[in-house]
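Each of the two complexes below includes chain A, the first together with chain B, the second together with chain C.
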Partner chain A sequence: MNKTALRMEDSHAGSVCILSIGGRIDSANAADLLDRLNGLFSSGEKTILLDFKEVLYLTSAAFRVLLVVTDEAERNEARVVLCGLAGQARELFEMGGLLEAFTVHGSREDALGRL
Partner chain B sequence: MPLPQTTHLIIRNDVTELPALTSAMERVAAEHGMPEKSLFQLQVALDEVVSNVIKYAWPEGGTHEIEIHIAARHDGVEVEIIDDGRMFDPHDAPQRDKPQAAQRPRPGGLGLQMTKQLVDRIGYTRLGNRNHTTLTKLCALGPPGSGRTTT
Partner chain C sequence: MSRPPGLLYSVDETPPRAVLIAAGLQQAALMSTSLLYPIILGREAHLSPDRLLDFVSVSMLSLAIATLLLCTKSRFIGSGYLCPGGCSQLYLGPSVSAAHIGGLPLVFGMTVVTGILQTAIAPVLRRVRFLLPPEIAGLVIAVVGLFMAVLGVRYSLSEATSSTVMSEDLAIAAVSLTTMVILNVWTKGFLRMFCLLLGVAVGYGASAAFGILDFSTGMPSQGLPLLRLPSLELLQWRFDASLIAPFAIIAIAGILNLTANVSYAQRINDADWVRPNFSSLSRGLLANGIAMVVSATIGSMGINTYSSSVGLSAATGVTSRSLAYVISIVFALLSLMPAAAALITTIPAPVVGAAFFFAAAFVFASGIQAITARLLDSRKIIVIGFSFAMAMLPNTSQDLLAHAPGLFHPILESGLVLGTVSAVLLNLLMRIGVRQRVTMKLEPGHVDRETIEQFLSEQGGRWGARRDIISRAIFGVVQVLEVVDHGSEVEASFDEFNLDIRIRYAGTPLLIPDRRPTPREIVASEDGERLLAGYLLRQTADRVNCKASGGGTVEVQLHYDH
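What follows is the complex of A and B.
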């Protein structure tokens, strides 16, 4: 597995489910992210914090998943929150005019302090 | 081998084939010392363009081939994507929908809007029944073997 392959790992901090994402999110693997998030919501998670700290880059396929899942969460009284956006990943959010579309906190610690 | 140096590959019109392209780009970048940021930006643009071809070029479905040439030059990398699907000039793509006030933006048109910002040039020609789309990312490349991963 190379260093840009998509990695996902979930953990908990109180009632918050944290999904740490690493590598690239693109057309080939965005469906894996969608499946993982749908699985977490199906298992009853209400707040999912997506930590992008290790994400190298993401394409519009990833943004599509994030928009769909965020909308879906709101309809089900759940929420998706983002943190750890830095470097190229942050620039891509800015380029797509999408930073304002999501709830974005700084570091994971900042986010957990506010949730 | 001196620059320019070209890598060719053919993939089928299926998103599961995209990792082959991603890996080929990573190999070219490592071999020629392409800066990581330039590589990532070109990877995002390529994913947008090739996934669009996969999704929209053949409305009738079926298995088709997409031919890709990656040319490493002294002043950057140019990737040519060739398909025999329906005509599509990325310059004619509709503008992205303006988000309504207090509404989450829609993803339609996002990929091409980002592509235009990520590469230095987008070229298009229709030759015979084939689309030739080129993406050019300018950056300084070293001689083959100068990539960091080979040290």
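What follows is the complex of A and C.
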């Protein structure tokens, strides 16, 4: 498997659903991320923590999906929180001025402590 | 430029007077370990105890002058950073060879030649940068660090004549080194700042406790005056054409060493550091060349920026240029005190060993960082790996090298010189066949990200491009291709300072907005997503341009400073 291909794995910590994401997120796989998140909300998850620790980079298509999902979650009294942003992925959030558009915590432990 | 965490005093800040003096003394204490090289050289030249003290005193004076020249900040000369000058082990091997052939006058003469060569290269340093890429400078600095560590171990054991004495020496070195490490890692403020000085003091205390502190060994039989101008009895110059080649190579090794040290000093002052400031490097090299000429003119050996000092300033967070004045004054005064030179010749070897070993860790790590910051393809790996092995050869295969023609001995006797020669030559050889401009044709209507990533990563490795720049370029290409209609070609061109990407496609020009689209605009339509794509490209590339050319073809130009 290509190491830059999108990888997603969900787990739980109490009532928080953690979706660990790895690889790159772009127009080729942004729809997969959207489907996975919609699936989790449909199954009744109210708080989803997206762990970006392993994400290499994300393009405008991925940002759009994240914004769409965050809007959708707010409308359904759920929430999406981001953590583990590092390296180029974090740079892109910063350079794109998009950090303030999301709830972002440092590490996964830090995020779980606040949720 | 942003302030790195852990930096207590930046290069332009002046610490309070007490800190300034104590930190300057600490640097001077560390730099005095570099006086071991003139001591070794003087002994190889069979100097009497009197003349040896003069040689050490003059070397102190040349450290004072060199430090002032190297650290000064002006339009014409000086790196502008705290890169004090030390007697350099780079020059030790060839200088010992020269001393064997023609005594110290030949060492002085050839050192003048080396200095003139460095002075001549200084104005064109930027133009010859392809000969001296950062990973080779990193290699040189890593090898210097490694040899410093080895030298540290040797000095920790050098007094060993029996198992009992060895255990005492080891104990002194261990106590001294442990003190330095504990203070550096687990304390803050003054204790961390002066970890090396305190470690040396503890080492002196331990040496006294073990009864191996003997101040009488370096004393001339007739005693020492309190103040005395060093005798210039040694002062003569000789030249030998057969030594020009090895000393010219040393001059290049010296340039690499200076490049690495000044770059390191720049980096520890700037968290956003990505590439060396060449003006500072050129002025530093000019200062170094002149310092070499001055040093040899007054009767001392070759000088270079002292890696341990830059390592110490990184370890303590005190990088203020003001320290250079304190260091220079201290060494200028000490050069007039024969007792100081005598004290240097009697400093307990295990204490020197501990200081070398401690500073070596920071020097070595800095070299490794400089090497690994670049993408390494097979060519670079061969240059680095082979040269590293060559650097180790003189230490491991002395018998083999003894059979080489005498002309090559000055090069073959020093691992540092041999490693540098190997790296410079292999680097030139490996440039054969590396195209600086490459083009990749794309399948219509299909963006194969893996192929693009592989193409740019492999090419970046061949060029020795920085990983972070290649990662940004990969993002840029993928981002462009996912929002344009029919990408047809990606072209990448590179030199040491620029990476330029051109992406050609059929369709309408991409908008590159100055203003970030709002989250609402991004979510509202795919046009919003395209605007975000253009905005991200503008933010991640150092320059971006999109223009329509003939036949409905559009070209996006992405420029990245390297």
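Observations on the structure shown:
Quick note on the criterion: the second predicted complex is superposed on the first by the 115 of 115 C-alpha atoms of A that agree within 3 Å, B and C clash if a C-alpha of one lies under 4 Å from a C-alpha of the other, contacts with A are read in each partner's own complex, and residues count from 1 in each chain.
As a working rule, contacts are C-beta pairs under 8 Å (C-beta built on N, C-alpha and C of every residue); 3 or more make two chains touch, one makes a residue touch a chain.
Keep in mind the model is a prediction, meaning the values are calculated, not measured.
Touch criterion met: A:Gly96 reaches chain B and chain C at once. In the superposition on chain A, A:Gly44 contacts neither chain B nor chain C. Judged by the touch definition given at the top, the superposed model places A:Gly14 against neither chain B nor chain C. Applying the stated contact rule after C-alpha superposition, one finds that A:Gln88 touches each of chain B and chain C. Put simply, chain A uses residues 2, 4, 24, 26-28, 56-57, 59-61, 63-64, 67, 71, 88, 92, 95-98, 101 to touch chain B in one complex and chain C in the other. The part of chain B that touches chain A in the complex is made up of residues 15-16, 18-19, 22-23, 26, 37, 40-41, 43-44, 47-48, 50-51, 54, 104-107, 110-111, 113-114, 117-118.
Within the complex formed with chain C, the chain A residues making contact are 2, 4, 24, 26-28, 56-57, 59-61, 63-64, 67-68, 71, 88, 91-92, 95-98, 101. Residues 2, 4, 24, 26-28, 56-61, 63-64, 67, 70-71, 88, 92, 95-98, 101 of chain A are the ones touching chain B in the complex.
Contact residues of chain C toward chain A in the complex are 447, 449-450, 453, 468, 471-472, 474-475, 478-479, 482-483, 516, 519, 522-523, 528-530, 532-533, 535-536, 539-540.
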